[in-house]
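Two complexes follow with subunit A in common, the first pairing it with subunit B and the second with subunit C.
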Partner chain A sequence: MSPTDARPYRALAATRFRALLQYRGAALGGLFTQTFFGLVRIMILAAFYRASAVVPPLPFEAAVAYVWLGQAVFLLFPWTVDPDIRMLVRSGNVAYELCRPLDLHTLWLVRTIAMRTAPVLLRLVPMMIIAFAVLPAVGLGEWRMPAPASAAAGALWLASFAGAVLLSSAMTVVIYAGLLWTVGGEGVPVLVGTLAVLAGGLIIPLPLFPDWAQPVLIALPFAGLLDLPARIYTGVLAPSGAAAALGHQLVWTGVLIVLGRWLLARQLHRIVVQGG
Partner chain B sequence: MLDAFRLYLRYAAISIRGQLQYRASFALQTVGHLVTTAIEFLGIWALFERFGSLAGWRLGEVALFYGIADVTFAFSDSLSRGLDNFGATVKAGDFDRILLRPRSTILQLLGEELTLKRVGRLTQGAVVLIWASRAADIDWSIGKAALLAASIAGGVCLFIGLNVLQATSAFWTTETLEIWNAFTFGGNYASQYPLPIYRPWFRRFFTFVVPLACINYLPGIAILGRPDPLGVPIVAGWLAPLAGALFLGISLAIWRFGVRHYLSTGS
Partner chain C sequence: MQIVVDGLVKLFHIAERAPGTWGALRGLVRRRRREVRALDGVSFQIAAGELVGYIGPNGAGKSTTVKTLAGILVPSQGRVEVMGRVPWKQRIDHVRDIGVVFGQRTQLWWDLPVVESFELLRHIYRVGAADHARVRDELIPLLDLGRLLDVPVRQLSLGQRMRCDLAASLLHAPPILFLDEPTIGLDAAAKLAVRDFIKRLNRDRGVTVILTTHDLDDVEALCSRVMVIAGGRILTDGPLAALREQVAGERWLTVDVDDASAGEVADPDATVLRREGHRVCLAFDPRRVSPSALIARITARHPVRDLLVENPPIETVVARLYQE
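Right after this comes the complex of A and B.
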């Protein structure tokens, strides 16, 4: 078995994924909270839109879709780290990871992809059902999730969602390198997580930020987490422009993987495993 | 009563001393917390930048509601960490130990941890409040300052009450359910904005069931000296913070009921 053999990584990801699918009760409680937050966010935006004297760069219906997509995929955001990996770094057991005949970056990346995908799928599908079907049934039809702008937009959104999972996972492994540096401290994850929440469009949709901030926000990797997929879904970004958005995600994923590998290699070079 | 209070101070002092052992980590966490809450306000600012106003409300006025909500939540969150972890306490059977001691159960749980992490949120909320009083031209008087203090105190009571209810539910479910986050975190989030922007059913819920409006919006408009667009008389704002204490009282009664129904997990 060589470190380039794909099977162990695949098996690891599958096991991790199945383990995380066990937390169905927690997902149900979380779903209620997510719906509640979504409704509050939409009511706030609706109040801003109602009395607005200007024409906002994002139609209200698209803003509603943006909010629900955000509620559905917020677990995807790199603002949490795998508690097991944090413990490995704290306890020094990270040394065991180094003993495995596997590449550490790839190992952590596949673990993270599983960690990001399982809870998102547990919440994405039911959240979409609530936003599509349950809201109209309880008299909140005006805030329901609109359908994708077109069939092509829907398909491209799915592709960009997959891109967002990869991007977020690559970003998370960079955070792990930061954990090695601060021995499991909270500084790096909090900083990156906060940036991601703000510049990723979870606080307010990115198009609603001031115009002068737009070029920066769009260029940053965080836009690929929620903003670009939401723009594709709502048709704010036409299908012809989707290729550029997917390219943005892939290029940033590549850059972050290279950065993560370099940082990990550097950290491991000077790592001192404590313990007895 | 006085004895109980002294005991709590003792608990709190121990908890604080413990946390100050890790000074660098404490400083980082505080700064981290400050940054994570500051971006919420950045979002509100950006929306005002884009839309100009919020249904007739100015940013300075919204900042007052935001500041009250933030300071209140910072206090209540750092006080009630022990209640937050109650699911784990029940699961491990540790509640049996608490029951054995001849002291108030709630007091012991509150005394488990007084986290200082929330100093970051507190600082941020206080800065927003100070800014709001200039931006919204608040005409401060002793009465208004007292009302601000009362609404924060009432709010802390209300949120501790919510945490008590959340902990009580663990007697039956053994887990602390995430559903309660909708009322604690979600309620705090919703109360950052003026109440009239929400739907009637939503307003009624947060006035009469979980009386968040009574500890934020209603005293808030009394401080601003601005008539309520919905016609609630301004005197209501001066009395409303009492609802927080009432809510805590009811929650404690429900807690006592729950304790009588407690079955140890036996581990």
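Right after this comes the complex of A and C.
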């Protein structure tokens, strides 16, 4: 039994995951909303594609897949924070977390992984069924979710989805460290969240951004949340290029974990708990 | 010594701004910071197996001391060693050997049944399944938890929750237990249950207990040694009897009289603290006049409906101690 043994973290993540799976109402409501907005976004894209004078850099079918994938992993984006952790920070009770023989960064990271995975899985599966099977059945075949470009693309997409969960969670813990900076606890998540939604391709697929912006957008960590997995899925990025995409996610995850650990250690060091 | 605290100082910096719009604008440019000395040179030593009461008014530095001992606050100056470790430097090894209960908040998981919280704690403290079951099954009857195990924590009453929190803090069998106001807000029956448990824990298992409280009755029921802190300094440290002789030798007698004679209730051996309608509160020294003699004299002269003899509240005791 080494002190770095993963058992406590695994047990905590599993418990959190199970607890979150209970929120069926939220999942159902989210499913409905995100399907609706997925259709709206596809209609807007379709109008642009029809009116466009040049051939868009992303085939329409790939753009549709991009939108559906984006709607499915909507809650993966680091624009929401764990309300419990926010409360801990606001009330100054965050210090009590230190009463446990655990590493705080790892604890928050596994908590966040559970928080990101449970609702996404709850929605991803039914949304894919709707987008794959229900839409063609009701005569909206043009807007259906296409199958992955190949079996290899499908498998690599799964790997990159897992990579996106890790990346997003590492990013979220950096936000938590930012929460400790400002007592209000609103500014940092809003700032990072907005940036992530825009630069992650959740509003407009990244391939449709101007050429000059492409190198920057691809290099930023936000590309690993949705854009790279979507490119792999649709075959825009060939399986041979997928290794680089997975590497991008892993490197950024590593950087964000190091950054998060450093920030958290600094913040905890000067933390003040009111009391007496 | 199991716990050594030497010259502990903790400074808090509090940002201040002048009132009003002008003050707010000025605060944008220049922040004024005020320094608060929450602990101002606290020193004490505690041996294994002691049960120590730590009392003082709000803001005296009790919680700050406990948080420092628990490794969640880094002091500004001074030396602390708990079982040979510096809490905030060897935090993870340190917290494995201590149990902590904060009366104002629970360490259980709000939406889980109690028994699942216990199971999570087993994983967190990396306790083996057999050891966990043994300790848990010993604690269940002692704290009467049998019927609470499957209840989600949010549905427990405060007294039930406190019993579960006590069990949770002891599942990893720590040799030291910090209790920060464990009886706050509890009703009389729950207070008695908690006190009884703490006493047995200390007597039968030799667990060192440090108990902070506002309730002098907690201290009387449990502690052989009391430390009084106010303004960040330890004022007295010694057996309870010595503290009582020093400052709390006084008792209070409250009498309710039936007629308008409340204004005349008085006695040469007692001082009137206050009169409110039909109620009079007197202070007396039991070494000078026995409570029974005093009560007999007053009931002979006035139609007394009800009376109560009590210790002065902790705030009064400490306030007096602080003035000396």
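Definition applied: the second predicted complex is superposed on the first by the 270 of 276 C-alpha atoms of A that agree within 3 Å, B and C clash if a C-alpha of one lies under 4 Å from a C-alpha of the other, contacts with A are read in each partner's own complex, and residues count from 1 in each chain.
Criterion: a contact is a pair of C-beta atoms (placed from the backbone, for glycine too) under 8 Å apart; a residue touches a chain by one contact, two chains touch by 3 or more.
Predicted, not measured: the structure shown is a model, and the values here were computed from it.
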Go through the superposed model and pick first if A:198 touches only subunit B, second if only subunit C, both, or neither. first
What is the contact status of A:118 with respect to subunit B (first) and subunit C (second): first, second, both, or neither? neither
Touching A:40, do we find subunit B (first), subunit C (second), both, or neither? first
Applying the document's definition of touch, where does A:88 land relative to subunit B and subunit C: first, second, both, or neither? neither
Answer with first, second, both or neither: which of subunit B and subunit C does A:208 touch in the superposed model? first
Pick one for A:53: touches subunit B only (first), subunit C only (second), both, or neither. first
Would you check which partner chain A:217 touches, where first means subunit B only, second means subunit C only, and both and neither mean what they say? neither
For A:32, decide between first (touching subunit B), second (touching subunit C), both and neither. first
Comparison of subunit B and subunit C by subunit A residues contacted: B
Subunit A-facing residues of subunit C, complex: 12-13, 38, 58-64, 67, 70-74, 91-93, 95-96, 100, 102, 105, 107, 109, 111-112, 116, 119-120, 123-126
Contacting residues of subunit A [partner subunit C, same complex]: 1, 3, 5, 7-8, 10-12, 15, 19, 93, 95-96, 98-103, 269, 272-276
Which bits of subunit B are touching subunit A when the two form their complex? 25, 28-29, 32, 35-36, 39-40, 42-43, 46-47, 49-56, 175, 177-179, 181-182, 185-186, 189-190, 193, 197-199, 202
Subunit A contacts subunit B in the complex at 25-26, 29-30, 32-33, 36-37, 39-40, 43-45, 47-54, 56, 185-187, 190-191, 193-194, 197-198, 203-204, 208-210
